[in-house]
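Labels run A, B and C following the written order; every chain starts at residue 1.
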Amino acid sequence: MFLSSSLVDRIFGWIVRGAGWLSVSILGLITWFVAWESLPLFQKVGWREVFGAKAWYPLEGAFQYGPMVLGSVLSAFGAVMIAVPIAFGLSLGLHFFWSRALVGVIRQILGLLVGLPSVVYGFWGLVTLVPWINQWQSPGTSLLAAILLLGGMILPTMTLMLDQSYARIDRSAVLAAHALGLDMPRTFACVVLPHTRPALGAAISISLGRALGETMAVIMVAGNIVQVPSTVFDPVRTLTANIALEMAYAMDQHKAALFFGAFLLVVLNSLVMVGGWLTRRAGEGVHA
Amino acid sequence: MLERLPVLQRWVGDTRLLTGVYWGLAWGSLGLLGYWVMQLGLPIFREGWVGISWGFLAEEPLRSGRAGGIGSILLATAWIVGICLMTALPLSLGTAILFRQFQREAPRLIVLIRHCLDVLAGVPSIVFGLFGYAFFCQFMGLGFSILAGGLTLACMILPVMIRVLEESLAAVPLAYEWGAVSLGLSRVGILLNLLLPRALPGLIGAIIIGLGRAFAETAALLFTSGYVDRWPQSVMDSGRALSVHVYDLTMNVPGGERSAYASALALVLTLLIINTIALACLHILQRRTPANAALSLGRSR
Amino acid sequence: MRCSLGILCLLWCARSLLFAAPAQEQKLMVTGSSTVAPILLELAKMYEKQHAGVRIDVQSGGSSRGVADAKQGLADFGMISRDLKPEDSPLEGFPIARDGIAIIVHKSNPLKAIQGATVKQIFQGKIRSWKELQGADKPIVVINKAEGRSTLELFLAYFGLKNSEIKASAVIGDNEQGIKMVMGNPQAIAYVSIGTAESQAAIGAPIKLLSLDGVPASIAEVTGGRYPLSRTLNLVAPKPVTKSLARNFLDFVRSQEAEPVIKELHFVPIVVPR
């Protein structure tokens, strides 16, 4: 599309391309950094030890990552499953049902919720949510607490991004649908939804990423026991909580082990993204 | 994001049940949101209000933050967030424009880059902090500094901002761009006169989300801009961000909770003021640009 | 208009960069444990007020960061919330304060004192219910600390346990988190820093510090040296400490002037005569 050949435009083209590559190179740098820092683990402990470990006692030489990977996956996916319906409902209200004033207030509140530090969320979780769950089942710090808290944390961002996606829709199309006598559900399904689907995917990707990467709040409510949970009331430890809990005191191979956890997280994230892309491709194939 | 579809009263049609379901879902979600906001907001307002005063906002912290104020911390936070936005905004705008231009020419590449950004969004904040320390503080020689903190933060909010900006640019149909190109308008001209005005709400929206993330980030800043709470002399100085201060008071300093609530309240109020200013700017700018006036319908302003 | 605003911002930032701190200022860098950091930050500010032209930056990052930075020369002092280990050599340790570890339970728990052997059995999972300790018929919620933490290591060393032997219901990081958990759960038992627990209990938190083997858990007992579970907070530096500013600051931290600051944060000061 770069048809114009003026100097300004060519410079502009290079700047834009530079910006894009810079953004990608940041990810490359971080991945390289994490991989580099995890190397000592394999140099000192060895592959078989790491992948055959039965528990997580790094100071005694046991490095088992499985339960933590599961903890991260379960809590993040659970959080997204909670947040999506609520974000969806809110976006419906914002664009179809509510008055201008209410919409403005809600958007301001969502903007503020995005800016609340995770320690505030975590603190609330520790002081209110955990004792509440404790009434049903000890100890209260559990997978359920993590899912609920994470869901609440990613809700504002997801709602705002979903809200954003409605801007793609041509307003005259909605009016035309109304003129043709379509009701709200049909207008939504046939005029609005097709345009917002890719944006919904974007909102979910970013929110899933945020949920997988959340550290401080999860530490306070998830219980941090390295185990495979049998019920939602069991404590779990996520990869991120593991890093934050132990990094402050970790030396040498313990530190490398924590970095390998971060590396696993990046790999996990990539797998999830690839999975999402594949399902989208499959879905498109059917509808094409 | 900050525009709305026209709200039409009395939708016609026979599936009132389905409309009712959607309506119930919307109001139910609002109820849940309201409950959530009450749970988080009430303690902050109740306990924090006592501690807020002009003195609190202007003085330096004393006694590990349990006395004195947060003046130096507010300044450091302002610089950190400022650097972050000034770096992230051009970078994400450039990348979003890149996506738009190359959408047709190299779709696979764009998809790859987009996935890379999504993975970046999932990197934990503590890893960003450690990376920021290794790269900005040590490799680039910035040491513990506000500059390093701002740059690290910019890396963190890039994925979200790029996504939101991409969506807002997508609101401008490609047909308009082809028309402009066929009339001989330069790339830069198209950007400034066609894309940006139409994408302005999305731009402000991206700023609001990015700002929110920047204010909320703790772990990354602890390792890069640091822990020192005195008045920073320059961006090369170490400075404590407001979120780090709240964290320290809650978790490390015994008896620091009252100040923590007051600081959290100050954070919320600051964000409220900034967001309101951003929305007001949007309002003013929208009224001035003719592009918007032509494309939007009368009542949906 | 927007362009000029942007240019003004850029110029202002450039100006700030140019007006960085003058090079002739004397600087010290101290990094390490987040437990010790609040103490050192206040002491650094006091010292800066008394001596013009001095800047002492205190950064957090954990005990391991303190050791690593001191070894590499990135920091003049490292802060650690434990004693020196053999792998920390060639660093030298300078104790600056003492702290104890208290076993805490919820205020509603009828228990007031506990024996070391009982603690060991609870944490090993051999005693499961409060009923066995004349309490309610409810399961004990055991709260352990994360691996590598100095409080955990001290706890394990004192009771002769390995971390893999402990059957915990939850694992926490900071002391405050432990206190909040016990506050919210009447069946919980945890071990945290005495100073933190004491100060929280004093302002009304519903927790109780148990006497261990007959000695009440209080800072007074730690000062008197009677409480068995105690630890030292140290500053580490490569020996010998040559920089005069560093020597002076170290003397200041261990002097009587620093006592009120350390006491206010609920630790026991260690005073070393100059």
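The rule we apply is simple: a residue touches a chain if its C-beta (ideal position, glycine included) is under 8 Å from a C-beta of that chain, and two chains touch if they have at least 3 such contacts.
Everything numeric in this text was worked out from a predicted model, so none of it was measured.
Asks: Can you tell me, using the touch rule above, whether these chains form a line, ring, star, complete graph or other shape?
Replies: It is complete, because no pair of chains fails to touch.
Asks: Count the C-beta contact pairs for A-C and for A-B, then tell me which is higher.
Replies: A-B
Asks: Where the CA atoms of chain B average out and where those of chain C average out, how many Å apart are those spots?
Replies: 34
Asks: Compute the distance, rounded to whole Å, between the mean C-alpha positions of chain A and chain C.
Replies: Measuring from centre to centre gives 33 Å for this pair.
Asks: So the centre of each chain is just the mean of its C-alpha atoms; given that, what is the distance between chain A and chain B in Å?
Replies: 16
Asks: Which residues belonging to chain B are in contact with no fewer than two other chains?
Replies: Residues 250-251 of chain B touch two or more partner chains.
Asks: Among the residues of chain C, which are close enough to touch at least two other chains?
Replies: Within chain C, the residues that touch at least two other chains are 34, 61, 177.
Asks: Mind pulling the chain A residues that touch 2 or more other chains?
Replies: In chain A, residues 123, 244, 247 touch at least two other chains, as defined above.
Asks: In the complex formed with chain A, which residues of chain C make contact?
Replies: By the definition above, chain C touches chain A via 33-34, 61-65, 67-68, 87, 138-139, 141, 146-150, 162-164, 168-173, 177, 180-181, 183-185, 187-188.
Asks: Could you list, by residue number, the parts of chain A that touch chain C in their complex?
Replies: Those residues of chain A that touch chain C are 55-60, 62, 123, 126-127, 130-131, 134, 138-141, 219-220, 223-225, 235, 237, 244-251, 254-255.
Asks: For a test of understanding, state which residues of chain C touch chain B in their complex under the given definition.
Replies: Listed in rising order, the residues of chain C that touch chain B are 9, 13, 16-17, 19-21, 34-35, 37-38, 41-42, 45, 57-61, 174, 176-177, 195-196, 199-200, 203, 264-266.
Asks: Inside the complex, what are the residues of chain A that reach chain B?
Replies: Within the complex, chain A contacts chain B at residues 1-4, 6, 8-9, 12-13, 15-20, 22-24, 26-30, 33-34, 37, 85-90, 92-100, 103, 106-109, 111-121, 123-124, 128, 152, 155-157, 160-161, 163-172, 174-175, 178, 181-188, 192, 199, 202, 205-206, 208-210, 212-216, 239-240, 243-244, 247, 262, 265-266, 269-270, 272-274, 277.
Asks: Quick check on the complex: what are the chain B residues that touch chain A?
Replies: Against chain A, the touching part of chain B is residues 1-8, 11-16, 18-19, 22-23, 25-30, 32-33, 36-37, 39-40, 43-44, 90-95, 97-99, 101-102, 104-105, 111, 113, 115-128, 130-131, 134-135, 155, 158-160, 162-164, 166-168, 170-171, 173, 181, 186-188, 191, 201-202, 205, 208-209, 211-213, 215-219, 242-243, 246-247, 250-251, 264, 267-268, 271-272, 275-276, 279, 296-297, 300.
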